[in-house]
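Both complexes shown next keep subunit A, but they swap its partner, so subunit B is in the first and subunit C is in the second.
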Partner chain A sequence: MAGKYRKVAYYPGCALEGTGHAYNRSTKAVGKALGLDLVELKNWNCCGAMEVKNVDPKLQTYLSARNLGIAEDMGFDTVMAPCNGCYHNLKKAEYDLSHDAASRDVVDRLSQKAGHKTYEAGQVSTIHALDWIKESVGEEGLKKRVKNSLKGLKIANYYGCMYTRPRHIFPEKDQGPGSESTAKPHFMDDLLAAAGAECVEYPLKTACCGGAHTLSDSDTSTKLVLNLLTTAEACGADVIATECPTCHTGLEMHQARAEKVFGRPTKVKILYFTQLLGMALGLSARKVGVQENLSDARDLLRARGLG
Partner chain B sequence: MPIHEKSLIRPENLLTHDNLTLDGVDVSGHWSTFIKSRAVTDYNEALQEEIAALPGGEYVHRCWQCGSCTNSCTVNAINPEFNPRYWIYLIRMGLEEELLRDKDIIWQCVSCNKCTYACPRDVNPEGVMKATSHWLELKGHTPPSPSTKFDDIFSEQVFATGKIEESRVMRQFFARTGQPLLQDWLVGLVRGLIFRLPVTFLVRLGLAGLFRPRTRGWRRAEAAIAEYVSERKAADRRALGLDGQGAE
Partner chain C sequence: MANVATSMTLEEIATSLERTLATGDDELRAAAIRESAVLLQIGETILERWIEAQGEVPTDKLREGFRLLALQRQGAKRDPSFNACRETCRELVYHHNLLQHEPEHPKTAQRIRLAAMVARHLALFVGGKLEVAGLGEFCCSSRPLHAQDAVAPSGASTS
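Now for the complex of A and B:
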């Protein structure tokens, strides 16, 4: 599988320019260290996240179709989105455009009025940062490049909701050996294990962090996050590895809130998988933005000889 | 007569007789609890159609009540009253009064899509939860939920500029819901971070807050979206037999 995706279009999305800046930074740094080319989409727009679909789902389809159209115009057949929300919405748009005539009509109408070409399904495929590294470099390629093994670091890999659900928008998943599983995803486990980490068996890898209601229903989110954190600790994890800025920030914020409001402190640290991979590839903790995380993992990383 | 299981076992529908003999058998006391018989006459026969007319509710008619949605539900695990299967049943049967008993928690669906993943009939229960929350708000049964307020603030910003600046969304949300911006737990978190970050990074963050990030040449898209949104709102209100003017 390795060898694909040497050069892809890059859609960072709004969160990676704000709270998820460390994810943006570490993704780019890992790409550079692995010799992979990322070309950012020109003048992209927000994908609509979890919110626009609640105003009208077809508006979300339009927002994502515009971004896919930009990738096509730039001559790319693949766009990589590290954010689960962006990744999910681009996938959903692709699915709706190829299965639902009403969505096509709305996207066509809005595109014409906005003054750009209507994106048609099938031109650009969307991949996640996990697919990108797994299928360009792969575990074997990664092992050869590891300078600073994550040996001894126990990691719970947390994938969240939008990477695997609903499954019908991910036709390439659940296709047997080598493909990603929607019930028990493993691409992040595979990559971090290749970097030397010990991935613990974590039953909540696709459980929900309540990200949609982080602010509007904080108590529910805090309960859900606390469950994720305490379970990771019970599984023996030092670190929860994330691959979504909304989950990541939600875990960090509600870890603090659980301690302050519920009086339930937890010790497990939260890091983007790209930060962990970057450090394994010999980059410094600063280079992959560890200081930008709310959950301060610097002491743990220093103790393990990382960063 | 449908089996109306849940309401039958509510305290107000239970009867216990201190002294009762039936066919010579003494059935006095709480060991022999009776359930009041009742006839349901207040069906809203349009309920299923109304929910199906709102985005997300289109496939509610497919449900065959297997319960996979509730069984997989994230929110049900922390609040057993949150029961998508039961609400879909009520919608399909037109039992509006029963549905209204739970009107204040339906919006709490976290959109994790575990139900959509598990559903063998492609009902899209997550969409039904959203459609039902909107139905409750449009009909005036509930005020706009915190989640709806958040969706609106977020979407207005995307529609206006093509992009999101998170701190602005957060500030506006706290302002519109009447909460103080300086929540204790948030202050401690941000303070810890500020001491760790280089000054240049903080300046960059501050600038993003002042000069809103926007997609260039977005004005025509903004106008097209605004027109579409007002059409959709009017259509939703018409479908629910409201004035059709899209008042908001």
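Now for the complex of A and C:
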């Protein structure tokens, strides 16, 4: 298994060029430190995100299919998307193209209109950043490269809702030992444990963060996030590790809002798993963009000899 | 300590859960079996509120031995985005099982509090869903609530 994804196409998606910049930066830095090649898709477009999908799901299928087609044209059979939303949408497009003739028709028609080849299902596999590291380097490979163990750091791993749902678009999951679980995902736990961290049992690892409520009903989002934060603290966590820019921003933003609006401060820090892995590999906190996070973890990291 | 009645509102449930979270360790340990049963029933009551709001009758059937899981499945039938609480329900069942099988475990009080936090998440999630029902999509990972009614703007037409 190790070495499987040494060179893959990279689809950062829109969020990683904005609020999730630290995730982009740390993902690339970790790849470089591990000797993995990421080749960014040329002229990529939005995956269709939630905005397009909610208006016209088939238009989202086309937008994601176009990105998969670019990966194919560049000679890749695998594209890595670190954002849960992008990862989900590319997987969904692949599923729709395999199972729904109407989706194939729409994608074909829009591709012709746009003047490019129609992407056909089965040519490119979409993987998440967790799959990428887990299956290219693996826990044993990671252990050998750790220069600055995360020992003593208690981490609650938060996967969010889109990494595993709906189950049918992730056929490679739930395939027994070694595969990811949709009921209780563990890839992030495995990687951070290999880097020396103590991963706590966190019962809300795939629970809703209220992301889509953020603008329409901020109080509900804040209450959901506050419960995620206080539960992580009750589990003994110093840090919540994230693997999605939307979840990450939501947790940070509503952590601040919970204190300001509800007078409920929480101490748990929020870091991308790639930031934690990067520091374990000997990269500085600055190199993995810790200073870009709203949740300021620098004192905690310094106290633990990290970064 | 928590209590539950099938007529409880989500607000009353939230208050009841806060009481559990504020209860001392010794008291929680002494009532572990009762608390685990009450927390599971609270989960069922939360889902009943959602199902009733859809104009349906909450099922009495069991799934994998638990009514809570059957109710979750029923709640997701008309709204796939309701599956965002599937694992939350399973965690509640998991904690119920831990408490029922090991009521004397050294972490019993902690387990009861975590179960209460999981139930609180379920209440918040369902409360949020109820609030926005009819206004639009809550969960970004699902199809639109009213896909058949969705009309694409002319610039985004796929036809």
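By definition in this document, the second predicted complex is superposed on the first by the 307 of 307 C-alpha atoms of A that agree within 3 Å, B and C clash if a C-alpha of one lies under 4 Å from a C-alpha of the other, contacts with A are read in each partner's own complex, and residues count from 1 in each chain.
Quick note on the criterion: contacts are C-beta pairs under 8 Å (C-beta built on N, C-alpha and C of every residue); 3 or more make two chains touch, one makes a residue touch a chain.
Because the structure is a prediction, the values reported are computed rather than measured.
When the two structures are aligned on the shared chain, A:Leu204 is found in touch with subunit C, with no touch to subunit B. Set side by side, subunit B and subunit C differ in how many residues of subunit A they touch, and the one touching more is B. Of the two partner chains placed by the overlay, only subunit C lies in contact with A:Gly85; subunit B stays clear of it. Looking at the shared chain after the overlay, A:Gln291 reaches subunit B, while subunit C stays out of its contact range.
In the superposition on chain A, contact is made by A:Trp44 with subunit B only, not with subunit C. In the overlay built on the shared chain, the residue A:Pro57 is in contact with subunit B and with subunit C.
In the superposed pair of complexes, A:Arg302 makes contact with neither subunit B nor subunit C.
Looking at the shared chain after the overlay, A:Glu17 reaches subunit B, while subunit C stays out of its contact range. When the shared chain is aligned, no partner comes close enough to touch A:His99: not subunit B, not subunit C. Within the superposed three-chain model, A:Lys117 lies out of touch with both subunit B and subunit C [touch as defined at top]. Overlap of the subunit B and subunit C contact sets on subunit A: residues 49-50, 52, 54-59, 62, 106, 109-110, 161-162, 165-166, 207-208, 210-213, 216-217, 220, 223-224.
On the side of subunit A, the complex with subunit B involves touching residues 14-15, 17-19, 21, 43-46, 48-52, 54-59, 62-63, 66, 106, 109-110, 113-115, 161-162, 164-167, 182, 207-208, 210-213, 215-217, 220-221, 223-224, 252-253, 256-257, 259-261, 291-292, 294, 296.
Across the interface of their complex, subunit A is touched by residues 80, 83-88, 90-91, 94-95, 110, 113-114, 117-118, 120-121, 124-125, 127-128, 131-132, 135-144, 147, 150, 152-153, 156-158 of subunit C. Across the interface of their complex, subunit C is touched by residues 49-50, 52-59, 62, 85, 88, 106, 109-110, 161-162, 165-166, 183-184, 203-208, 210-213, 216-217, 220, 223-224, 227-228, 230-231, 234-235 of subunit A.
Listed in rising order, the residues of subunit B touching subunit A in the complex are 55-56, 74-75, 78, 108, 110-114, 116-117, 127, 130, 134, 145-152, 154-155, 158, 162-167, 170, 173-174, 177, 184-186, 188-189, 192-193, 196-197, 201, 205, 208, 213, 215-218, 220-221, 223-225, 227-229, 232.
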